[in-house]
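Take this structure, written in structure tokens, and hold onto it; I'll ask about it next.
Chain nomenclature is as follows: A, B, C and D, assigned in order of appearance, with residue numbering initiated at 1 for each chain independently.
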Amino acid sequence: MKVQLHKAVGGVLAACAALAAFPVGVTAQSAVDEIAKYRQQLQDGNPAELWEARGEDLWKQKRGPKSVSLERCDLGKGAGVVKGAYAELPKYFSDADRVMDLETRLVHCMVTQQGFTTADATKRTFGAGSNRSDIEALTAWITSESKGVRMNVALNHAKEKEAYRLGEKIFYFRGGSHDFACATCHSETGKRIRLQDLPNLTEKAGAQLAYTTWPAYRVSQGELRTFQWRLNDCFRQQRFPELQFGSEASVALTSFLAFNANGAPFNAPAIKR
Amino acid sequence: MADPMRIRASEKGGIVNVKVLMSHEMETGQRKDGSGKIVPAHFIQSVTATHNGKTVLLAHWGPAVSKNPFLEFNFKGGQKGDKVQVTWTDNKGDKRTDEAAIS
Amino acid sequence: MNQMRRRTLKAGASAGLLALLAAAGIISPGEVLAADWNKAAFEGKSMQDALKALGASSPATSSDIVIRAADIAENGAVVPVGVESRIPGTQSISILVDKNPSALAASFDLPAGTEPSVTTRVKMGQTSDVYALVKADGKFYMAKKEIKVTLGGCGG
Amino acid sequence: MKNPYRFACVLALIAAGCTTMSDQDVSDKAVAVMKTSFNERGQAKLDRLDQDEAQKLCSIPPSAVLPKEVAARIEEINLATVKYPADGKLLGNWRDGERVAQSGIGMQYSDDPKVPAGANCYACHQLTQEEISFGTIGPSLYNFGKIRGNSEAIQRYAYGKIYNPQAYTACSNMPRFGHKQILTEQQIKDVTALLMDPNSPVNK
């Protein structure tokens, strides 16, 4: 293509359906309408299903040095319970004595049950073309099993409460060469970057809309992306160093955003620009 | 081996609607990788859909069809429970066939 | 059988003959298609090259062809395009993107009984006219629609 | 975490399952957690997480109102950083400025440090009528020069604002392009020209 088509133009958190009024007249409004139409047309066939199918196989396959499946992995609702599990994550797990999101928990199960080393389990957290990520596929399937389930993240344990409060602080943390925080783009309603609507993650409606539509198949990349990826790539564009997969900051921020989305039916894997 | 396709076929009023998602890179042959080398073209060239052994669609594609292709079409004469079979073949000779029952 | 198969393919048999062989189970439908792939049409750079290779040098403009696509694509890597022909006797539908490095994106042969309406997704390098070319009763017709490709997101 | 007593107190509270960590304690811990949660990559080293005074003071919800004297202090220290061109010329080439305004690369770990950074103005601002893909985080700058007039005072303001927006508005969302050496002096001149030049599409 004349311009590089597969350029991984990173994105913004979620494409939102509620559109605000824009400063200029007809042209901008019709642009907004046409983009809504474009998004609508994408809904008809979501390649995320290809990841979901592979993820389900991976969950059930005997893998790793111990040659066991993940079917005894406890995602928070008891060993092997997948249905609705994602809608209650992140949560505190006493066996690991920390708050974990889905991806972190998967790594934990791959290590403790299947016998993978942490290095092997996290070797490819984000896929690129034929170098595919098992974690993305597993996440696609597991999250699809929460479709329609209302977000219900609890802050009961002290560490869950602490994660939420740390996540909130991290959300407002300004740094890097450009002084960006998550809040720079995500704390006002009705704003957009280029033509992408920016959810206001400090309000219930915005947090719900954004959080319940990840993971998502990103058409700009041709990849299924998880929430860990979403945070990782937001920080890249914030000009921060690289967010470590499953790090305390990543889980704390996820706790903050997931809790703010409580009450909304989970609706992913989605498809987005 | 390539991943299975996702095929949905549903009949309404004598018309069968078929939606297919395929797992394929659809490399254009114009993209450069991280080290600046051209990634060779790799794309589905043909797709054929059959119903009861009869071809109901025959598509020829170039590399400008999007990655993980989506295809939708409609044909007459299928009954619920009949099989729709789809085969794709790419420019390296790889192929994949899957089928789905009409719902 | 294998030898015959190879010879037939090598000889560049007509699509019709190949279809017959396929129907007889001698070769698989996939092989028919691979042999049938119109290299000149797909590798032709311009609209003109592609049309010529498809044998459709001067198609008539038709308002009976509907291109279903948004005026603006949020990302050029995936642009949903549907084409519906209301021209009686429609045999094939092709989608061409004027400003792509090779204009022809996809061609669909529609046997009798298949509706003259297909949807797929194409890549667009930049804002361009998108053409739908329809062959009906051996004649070619065309319609076009401009689709704008925008820059999105944080741009990095 | 400078105060060891407070840190011990935080630990004690966590151990007790208590949730009464003070807001300041949580802020301090969040900074500590940030520093253990990132890896340096490419040009983005861990010092990107070392906040300067303005970054620290501005790590608050935008709805929070800064005390007047704090806002004044932030503006004062930032105004002191603004350097005007030695040659006295504030306007470059608006065509080059348009390219800078369109480009969103620069300073990310995924960017080649040898390639000049862009300003990505369109991500947040409307600038021209031709570009329909623009953001709304910042105000529309369409007709910026036409409305304000192409006086030297306005040119100096535009240049200074691009150089360090917090010299004028404490905790502005906009990057401090000159102060943080994101753009070169020439690039800032070019973007200033894009805003001011009567022939620029911004003023058509």
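Just so it is clear, contacts are C-beta pairs under 8 Å (C-beta built on N, C-alpha and C of every residue); 3 or more make two chains touch, one makes a residue touch a chain.
Remember, it's a predicted structure, so these values are computed and weren't measured experimentally.
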Touching subunit A and subunit B alike are C
Note, CA centroid farthest from subunit B's centroid sits on chain D
Rounded to the nearest Å, the gap separating the Cα centres of subunit A and subunit C is 37
Chain-centre distance (mean CA atoms) for subunit B and subunit C, in whole Å, is 14
Rounded to the nearest Å, the gap separating the Cα centres of subunit C and subunit D is 48
Multi-chain touching residues of subunit D, meaning two or more other chains, are 108, 110, 122-123, 132-133
Where subunit B touches two or more other chains simultaneously, the residues are 28, 30, 64, 66-67, 70, 72
Where subunit A touches two or more other chains simultaneously, the residues are 1, 5-6, 31, 44, 193-195, 219, 222, 237
Those chain pairs meeting the touch criterion are A-B, A-C, A-D, B-C, C-D
Touching subunit B in the complex, subunit C uses residues 19, 28-34, 36-38, 42, 77-80, 82, 97, 100-102, 104-111, 113-115, 117-124
Given the complex, residues on subunit A that touch subunit C span 1-3, 5-6, 9-12, 15, 30-31, 34-35, 37-39, 41-42, 44, 193-196, 219-222, 237, 273
Subunit B contacts subunit C in the complex at 15, 26, 28, 30, 45-48, 50, 54-67, 69-77, 87-89, 93, 95, 97
In the complex, subunit D touches subunit A at residues 14, 17-19, 21, 26-27, 29-31, 33-34, 36-41, 44-46, 48-51, 54-56, 58-63, 107-110, 122-124, 126, 129, 132-137, 140, 142, 173, 175-176, 180-182
Listed in rising order, the residues of subunit A that touch subunit B in the complex are 1, 4-6, 44-47, 49-50, 53-54, 129-130, 217, 219, 222
